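Please find the structures below.
Paired with chain B in one complex and with chain C in the other, chain A is shared by the two complexes that follow.
Let's turn to the complex of A and B:
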């Protein structure tokens, strides 16, 4: 039964990927202006316009271009960066880990802050702690990440003559320095997600805490910790896990700005630069990786549903 | 008042400028102003140390296959040219005295022949496949043959007048031109694409795009390159000027965010102003930076980035000189400068004021000055005289370049034109579309944007030649074209300057473009860096050769 559920979810993910790949492929071609002319003017990527179109494969029918691109992507060939001439897949190999580390740190902080504060807020509903937590969540949702990031870099520099290092530290050079450089951007990137998770955890927990079986648990004389954490929390987490899946996509898009502000050579910064340089194979390649990651994460979320609630087998 | 460095010629402080208002702004066009720079301290240079600046990841490293300044900045550390621009604390920013680099001396026997004697004993970097062999005249010939013949060289126009090169002997090379070109030496010295490259590197790697192919004869060798992270250079122990360079290692750290750059500079993580071009800082950051790093060395000088509005002079109503003059007179340039650059800047003659050797002093533009002076009433009268008394409507195409200052300038210009009855509909284009169309003069009415910050006057004058793609105003003025082409044939510096002045007067009088003022750069450096002075242009390495750390 469980295996059938997994297979079904897996099959549903395939059309999502196909549609996403069509969008990723098409959007690049909808950007206004003759990109080929621009690339020739700016960077002389080829001898002439026709050679440029041939190099990009733009002189072939669009469906041929699409199937060729997808075919190569399936075997891990995402083309070659027009800017650096290196294979996109090879570039991504060094950058994806950086973005994943940043994204993981952000999600870690989002859960670390969002779930406990949501629990406290629900359990202490309409108290000062609840109001502070809810106010904080509203702030966290409304303050743009790039603004927080900028303040976090500039204000300590001005008032304390300190700012995060602009030098990217490799894991092999200094393991602690490598991990440490993700803490501040990860925390800031995770704040928005923490706010969403906090609010949802609170709402869901409040609903569960009003269920009959919880009242029964209280009436049996169980302690608060047991009632909330053991009997209520797990049942309130399914929507939270759903949101977490969405948050991962948002965090991945947020890395574009945070990697730029904090000088981290990740996928987001690579994408930002590729867009600036109109390096279309890179833009397509990164977007495909991001889309695949998001679809993959949501697949995992579906599997987690089944774990959290064995009744779920849709 | 800060101390001032001696020997810099005309010195006007920013405060002086602000006090004096527009007059001083115009006067400043005559030369850069230097504030707060002190003369080098200890007399004996100390070798060693590391210099960290905001670096750039280039598209690739082949100088003959890109026009990107990011490539040229990196290669300025590793490669030499035949000639170069003099650098050092005694050089006024905005001046470009030509001195020998690989060339020990040069002569021109006639208007079309230049003979260069090369330094002896110049060694290529000790990297395979060149492995430190001696540079000869063959290398120079190979470089220029490649430069002129390779397909896809965006800078090909720089050697448009070169007919060929010839090896006279191991250390002598002869250049023959198709026609006299008085700007030929300027192009050779320009830190843009004309560095000497090694044949073996091209043959081994196919081209010079890869970091491994960065093999020059310059003061530093490429040590490492991590795309979008850092590029590092290590001192070349065999550099042909014994004892130089002093600084052991150069690190160009590539980071995009301006706030992060400000923070890095305030906290001393980099040693020079992190803004493009040439170790600058943003004016809006200046107050904070001065408070936090009060001992900084800094130099202020006008930018050679000039924004202008081009118009279809081949179509009505812009074909009428009275309409063009009215459009120019409608613009309150001081107000734009105030709004976009805190009032600190210079008014531009047709060649940007920053290029002080050949830009005509703004107040000597003759009748052209009148059309640059804000006078909306007179502008309306001119429009009426041209039969446009009821005003007219047109479009203005532009790209933001990610610059709020440019957006503000465009909006203010539109407002000023509306004041005289000209309704301008702004068409904002993505940079790609703008560059491929409006920047090439393919706009319907007006276009507006910054122009390429060249160091030579030719680039600016060429915008008035009928067949030039950057002739955004579609100027077809045979008299002017003759005057411009003739400048190439005038080898006497004084006479050439007079001719270029005359050209600028003519252009200003015809108001082919509406020119806008330029801001004033602030170049800022760690106070312990001795024997260094900033300038316009991408020759970061050339200016660093004799610098050293006094700490």
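Let's turn to the complex of A and C:
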């Protein structure tokens, strides 16, 4: 049964990925002609229009272009940056880990904050603590991350004469400094996700706490800690797993902003620079990597979900 | 003549009475909503203030958004300049008031365009089902696999920055997410007997979808629209912050936090504070109103989404 479910999910994920790759591919083909001229003249990517179009691969039949691009991508060739002339895949090799570290830190903080606050909020429903937590969660969803990042850089510099370093520290140079530099941006990036996770944990736990088997646990004379943490929490956390799939996409969006503010040389900042430089092969490559990551993570999330909750396999 | 007046009177009077009755009922409903959902009501008031600011910016703002006031560079907030001035001597309060116009224009236009598209896609997909539905859902899946900022920035890299392009690219994204919710609402509406009855009476597909399904998924659309508005304002401000939103000198709250002003924020922290407060407050208001409307209009949606997109 489990295997059939996996296959079914895989059959849904693959067409999504193919369509996504067509979207990524079409993006560059939407460039207006005058932009190609601009790329040639402003950024000096080529000598004449024909050479520029050849460089972008626009001079061949469209289906040939697509299959050529996908074929190369499958063997790890994402083309070459117009700006630095370095292979995109090679550049990503050093940048993806940085974004991964930032994203993992963010998700870590999101769970660390979201789940316990959600539990307290549900168990103490309609008390002052619950209202504060819920209000805080809506606030967390409302505050723009780039503003938090800006304040985190500006305010301590004014009032405490301290500011987060925007010089990237490599793991090999200073392991502690390397990890430490992700803490502040990771925490701030995770706030939005923490709010989502808190809200979902709360509603799910409230639902489970109303179930018969929980009432049985209470009537057996079990303590609150036992009822909530041992009997209810596990079942209420299952749907929270699925939201992690959505949060991955959110967090990846956030890396574009936080890597720029905190000077982290990750994929998000690479994308932002590529957009400024009209470096379309890079944009295309990053989009493909990002979308594959999201689809992949969601697939894993679905599998984990099916494993945790056998009901949904049917 | 008199005959005529006599025949007009009785028809005109109930009409007026009916109308005033509707207004009274609407008012009663509003008051009941405010009592039941005080936070939602607070949100509604903030949104109303935002709309007033956007519409009457010329009258509310003491200065124009690009007016450089001689000798008033980097003034702290105070009696003269409510929220202070920036590095090119512009009044920050005035820029925030005009910025409301940008936020309102972008978010309402996006949500309108996006939801019309979403309703068209979602209702047809849920109504016809079959292969068409499967194909549409795969495309929606694909769109939703992209982190929103990544795909929008890439779109804008191709189309170029500007308000219209921001609205167009954002509305595609909004449409993808909203069509999902509208589709699932349609799926349950289609099961109702009145749809079968309409079909038995010979109503065609367009008529069933427009007259029977659309009104019944309207509550869902209202809720996702309200929550969506907050998310759009956040995304627009993020795009403007990154320099791909509404181009200067038009004041967007996001762009007020970026650009050359950033180096002056260490001298004038109020430049860094107020635009962010404005964004947070407005998005907070939309989220609270959206939550309250959801509970009242469509409890099924509870927990369906974690709220507006952060960042």
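The criterion applied here is as follows: the second predicted complex is superposed on the first by the 310 of 314 C-alpha atoms of A that agree within 3 Å, B and C clash if a C-alpha of one lies under 4 Å from a C-alpha of the other, contacts with A are read in each partner's own complex, and residues count from 1 in each chain.
Convention: a contact is a pair of C-beta atoms (placed from the backbone, for glycine too) under 8 Å apart; a residue touches a chain by one contact, two chains touch by 3 or more.
Computed from a predicted model, the values in this text were never measured in an experiment.
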Fit or clash - chain C, chain B, common chain A: clash
Touching partner for A:158 - first (chain B), second (chain C), both, neither: both
Touched partner set for A:191, first chain B, second chain C, both or neither: second
Which superposed partner A:150 touches (first chain B, second chain C, both, neither): both
Chain B versus chain C as contact partner of A:262, first or second or both or neither: first
Which superposed partner A:305 touches (first chain B, second chain C, both, neither): neither
Dominant toucher of chain A (residue count), chain B or chain C: C
Touched partner set for A:278, first chain B, second chain C, both or neither: both
Chain B versus chain C as contact partner of A:166, first or second or both or neither: first
First (chain B), second (chain C), both or neither touched by A:69: neither
Which of chain B and chain C A:270 touches, first, second, both or neither: first
Superposed model, chain B segment overlapping chain C, candidates 5-13, 401-409, 473-481 or 509-517: 401-409
Intersection of chain A interface sets (partners chain B, chain C): 31-32, 35, 150, 154, 157-158, 260, 272, 278
Residues of chain C touching chain A in the complex: 39, 138-139, 141-151, 153-160, 230, 234, 237-238, 241-242, 244, 254, 257-258, 262, 265-266, 269, 272-273, 275-276, 279-281, 283-284, 287-288, 291, 302-303, 306-311
Chain A-touching residues of chain B, taken from the complex the two chains share: 57, 59-60, 65-68, 151-154, 209-210, 226-230, 253, 255-257, 259-260, 262-264, 266-270, 288, 292, 429-437
Residue ranges of chain A touching chain B (in the complex, touch as defined): 31-35, 37-38, 41-48, 83-86, 91, 150, 153-154, 156-158, 161-168, 260-263, 265, 269-270, 272-273, 277-278
Residue ranges of chain A touching chain C (in the complex, touch as defined): 12, 15-17, 19-20, 22-23, 27-28, 30-32, 35, 135, 137-147, 150-151, 154-155, 157-158, 189, 191-193, 195-197, 199-200, 203-204, 243, 246, 249-250, 252-254, 256-257, 260, 268, 271-272, 274-275, 278, 280, 283, 286-287, 290-291, 294-295, 298
